[in-house]
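Chain lettering (A, B and C) follows the sequence in which the chains are written, and residue indices restart at 1 in each chain.
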Amino acid sequence: MAIKTPFQLLMLLGVVFLASSVSVSSRRSDQDQHQENPFLFKSNRAHKLFENENGHIHLLQRFDKRSKIFENLQNYRLLEYNSKPHTIFLPQHNDADFILAVLSGKAILTVLNPNDRNSFNLERGDTIKLPAGTIAYLANRHDKEDLRVLDLAIPVNRPGQVQSFLLSGSENQESFLSGFSKNILEASFNADYEEIERVLLEEHQKEPQHRRDLRDRRRQQGQEANLIVKVSRDQIQELSKNAKSSSKKSASSEYEPFNLGNRDPIYSNKFGNFFEITPEKNPQLQDLDILVNAVEIKEGSLLLPHYNSRATIIVTAVEGKGEFELVGHRNENQQEQREDEEEEEEGQERSAQVQRYRARLSPGDIFVIPAGHPVAVSASSNLYLVGFGINAENNQRNFLAGEEDNVISQIHRPVKELAFPGSAQQVDRLLKNQKQSYFANAQPQQREEESQRKRGHISSISGGF
Amino acid sequence: MAIKTPFQLLMLLGVVFLASSVSVSSRRSDQDQHQENPFLFKSNRAHKLFENENGHIHLLQRFDKRSKIFENLQNYRLLEYNSKPHTIFLPQHNDADFILAVLSGKAILTVLNPNDRNSFNLERGDTIKLPAGTIAYLANRHDKEDLRVLDLAIPVNRPGQVQSFLLSGSENQESFLSGFSKNILEASFNADYEEIERVLLEEHQKEPQHRRDLRDRRRQQGQEANLIVKVSRDQIQELSKNAKSSSKKSASSEYEPFNLGNRDPIYSNKFGNFFEITPEKNPQLQDLDILVNAVEIKEGSLLLPHYNSRATIIVTAVEGKGEFELVGHRNENQQEQREDEEEEEEGQERSAQVQRYRARLSPGDIFVIPAGHPVAVSASSNLYLVGFGINAENNQRNFLAGEEDNVISQIHRPVKELAFPGSAQQVDRLLKNQKQSYFANAQPQQREEESQRKRGHISSISGGF
Amino acid sequence: MAIKTPFQLLMLLGVVFLASSVSVSSRRSDQDQHQENPFLFKSNRAHKLFENENGHIHLLQRFDKRSKIFENLQNYRLLEYNSKPHTIFLPQHNDADFILAVLSGKAILTVLNPNDRNSFNLERGDTIKLPAGTIAYLANRHDKEDLRVLDLAIPVNRPGQVQSFLLSGSENQESFLSGFSKNILEASFNADYEEIERVLLEEHQKEPQHRRDLRDRRRQQGQEANLIVKVSRDQIQELSKNAKSSSKKSASSEYEPFNLGNRDPIYSNKFGNFFEITPEKNPQLQDLDILVNAVEIKEGSLLLPHYNSRATIIVTAVEGKGEFELVGHRNENQQEQREDEEEEEEGQERSAQVQRYRARLSPGDIFVIPAGHPVAVSASSNLYLVGFGINAENNQRNFLAGEEDNVISQIHRPVKELAFPGSAQQVDRLLKNQKQSYFANAQPQQREEESQRKRGHISSISGGF
């Protein structure tokens, strides 16, 4: 989806928080409070690849260019596609595998093969792999709702770089077919070049000067009319014929879309729901070693502290507001350099102190949870998150609080005694205080009378961001 | 196959075209016509690793050193081996996996294992994997014909670097056995060092000065007598005993050679034949994820425009002459740098215009077709190509013209209407003009009276290269 | 296991040989005798990550930072853990997969899962995979003996970098739990922060100034009291309940430890024993593609010259003394640079002469045997080596001397004639001189009367290191 267009700031959702910051407890660190939180990618970190009146495509900054800590994400890119009702994104293929997840709206995705084609009706939560090199087109089949699709791209040629090959040529961009010479095209289609040009390519030569000027102006403004175009109700109807929907029964078919919400959530209570499809459960995700999940956290609730044993999760805040806290080490992104120096200067201090990375979340924000790093997410309004997990096979989510699946409660009693300042009995009593699992109220429930005061306190900290 | 020898230009096939160039349509690009075509490696891009009167070994330049666009080929090297009748390439092993493909001639390949050995009669089209560390020797068993073998090497130690370990020592090079100390050798062979030296190593100490001078001169000239040596008819006879030929029935045995031509071609008509063995069909190729193919394009014919969905193909022109056209993007090899800059300078123009990369092919030339990039190849004389495909599993070849497997014809009618300037009816009529599939006449057939003029036209463009 | 502590020189085993050197035969090379042997990592190449009166953790220098020839080892790190009797290494998890091998002593390893825990009694030769993100603790259950464990770490986040997350907080370091804010902790544990701090975290605020000063001093000296702590006999008893031992029958269970010595040695005679578990034999090692081996070479014996076809082995000298000889090429670590230059300056000499790399081995020394490189190891006192092999699947060990599995003896007779200076008959006679296989006497046996003189000779060379 690399289309010629000027790069401009993405102002996706009105005012965005330009100054993402880290909240650091003063005792723990003397670091500058204004330094960047490397785990957070505010929506202004995305480049506009394409935009016209019918929709746009945004490409997030390369993870590994943001910080060295994301070296293992160098071959993953995140894209967001957004289109108006009754439009279509015209046929093209890419040199990257894509995992598509529909965030909102109703789509028809058509995937071409040499001998047939398949169309799929997609809606929120539907996910499908589009293998590298597949020619596809995507229509917004809804009358009123915008279509929003999140794509994880895994390039096959150059690490972290996606090239698009557009089949349709028009005024201000070229079909890749026009890259072949007149001789090759004439022999290939067994026809005169004039006919080929008239039927498949655009007749640029005949174009009057004032149209060319207009085209150049629009191109400079990133407004190109022809990649996402209007489509009539009748045309949508024709695309819908034989279109399949995501299987309601199973998420295991090889080529069809699966819906994140069709399976029972892996964690669920009145505070939230956690849906996840792992490579073990779906063959489409197996060779890419990717998991996809969707998390709903209700207003005033908390996804309890936990970490992923081996997967790194790229999470997009789709709807709602909230906050995440991630526990890492101090100067995590300077560690590589440190280690290099250590090898030269022996006896230097190795700084690996615990550090909190914290940020507010608004729709369009992205955050990355590296493997092993503890994280918790709270919702100030109903929060809907969609995540892609890298290195997903055999990943295990270890919770650090809550009644079920709480790894801390498995520690031998004498080791609890040695590891914690309290007695084993005190530790066990404390661990049993939380009756909820996975999701809980973001306010401690035993002291409800205090909750109003606390809530005010949280707000005041958040306001400082 | 890394042997001490000066590096010199390879003048493999008489005069080579030093100035490979790109033909760019003037409307599409203002680029310098004399810039290099990064997808083409003329035969002078190879280094001479070894040469004597009995044969030579050439190693192609590293792909990733040529252009950043070949980052994903950094651990692949291409070698060509050429030897005279009745010669043998003495025993050695390498720290790389090899895929061997016989281009012409008749060979006996012997592969050693700790407890047995296997010999194979090889001929044109025979292909075999030689796993890293395998001690092997290769004889030209023919009375008159040269032996030509193409090797794809995949190093196991350092990316892109192949080390050879020669078992035989002689005047001007050493057996790796001579790397062990006298003490280790005496204990290992339970013998006096003098005997070991006399029987297994070379007696350098006793060598008269004039022979040493001769050796040094020959080494400087890259002429070493002892890596490829003469072998008598009787000795060939003894090597031939129990030698197996490539299986005629199946290409699926794990350790035996398979012939590219033994299976039915995957595409075939009077204009050409396309043979291919994929990892799915052959276990030897599975863990390396490599495909091997051989393409015959008849004089005056065209391999129709197509692209590979995920494989990158390294193609060697073995015999004949022709031309390839590859469609990529403008400044493809500068894209990485561009993207870096974009991240700093927002609003900069992103240049991803379609660009044609075109070159004439002579025997010994190599070209690389990255995944997703459309390509077409025409033959001015019977052209024989051998290709190694990287990232081959689940690769799909999508044709863009021709009757069968034409992915464009699968597009929904209303989308054809939206994507192309012509009406859906016009598009369909144009697509049906070409009755051939995969291969076709390089001249449009409906205007045969014009073909003479056209042919003249092609020649004049090609002559400008 | 990356804990905040100053880096200091490791003086693990008394005086270490700081000057590791290469022995080069004068005819073969004019290289400086004092240059470093890049294949040897003396024990002073390790950094002290942690040390207190109860034990220490050492991390070996990054292989790829030592020399470019170890590029393929960039995501492997070697750690050594050492603890006193009746101590425990408190609960923590890492962002790396670990392969643990017990070198000496008796341990109880406990591995936590969200819903259960498993404890294992480990002893010398026991090996187990600890997947990334697993919370574990390791006790020395012996009354008198130190516990020594060797770890191969394969990071999942950043290549070559291991981060540790400690569950227990104490005076001079923090639990990762303390990285969460007061609000998140209160909601997660449904309790007052004061209680959480008292029971799970350390009460730093209340700490008197003189204790803080003491802590800072100890931290600067790398002496932290709380990562490895004393544990009583009763507590050991409780940890031992339900602890399983490594399976005596099979090495194939998925999650349990296996003992290198439980299976029959793959090579064995009166001079030595070679134990090895390959990925094919053990599912724990399969996805990491690692082999583990243990080699006993008796005093005065020799592991015969051989090479590994595709695995690179990282070998640790655990006990005893000896010497290794490895055959590579001259300027091996400068080869990359050479090749770059070659591409610019054609005709330059390519130096790939055979070179011997030789070094004495003391306990704690590590050496690396790259794939394809011939090696031999002799023991001056009973030598015990433990090795981790990278890229292990389908690895084959080819011996170059000895009666069995001697790959040289498989060469066709006429090729022996062509490859070696001696006649085929002479070669065969020499190869049959050694009646032993795999291991042999380090002195040739046919000349026993000379052995005394020889032994003196070996010593004098070794003394020169």
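The rule is simple: a residue touches a chain if its C-beta (ideal position, glycine included) is under 8 Å from a C-beta of that chain, and two chains touch if they have at least 3 such contacts.
Note that this is a predicted model, so its numbers are computed, not measured.
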- Note on the structure: Matching the CA atoms of chain A with those of chain B requires turning by an angle in degrees, to the nearest 5, of 120
- Task: For the copies chain A and chain C, give the interface type as same if over half of its residue numbers appear on both sides, and as different if under half do.
- Result: different
- Distance between chain centroids, defined by C-alpha means - chain A, chain C (Å): 39
- Query: Got the chain C residues that touch at least 2 other chains?
  - Reply: none
- Where on chain B does chain A make contact in their complex? 23, 25, 27-28, 68-69, 71-72, 302, 304-305, 307-310, 312, 325, 327-329, 332, 335-336, 339-340, 342-343, 346-356, 358, 370-374, 376, 378, 391, 394, 396-402, 404-408, 410-415, 417-422, 426-427, 430-431, 433-436, 440-447, 454, 457-458, 461
- Query: Can you list the residues on chain B that touch chain C in the complex?
  - Reply: 2-9, 47, 49, 61-62, 65, 88, 90-91, 93-95, 97, 110, 112-117, 131-135, 137, 156-159, 161, 163-165, 167-170, 174-181, 183-184, 186-192, 195-196, 198-204, 229, 231-232, 234-235, 238-239, 287
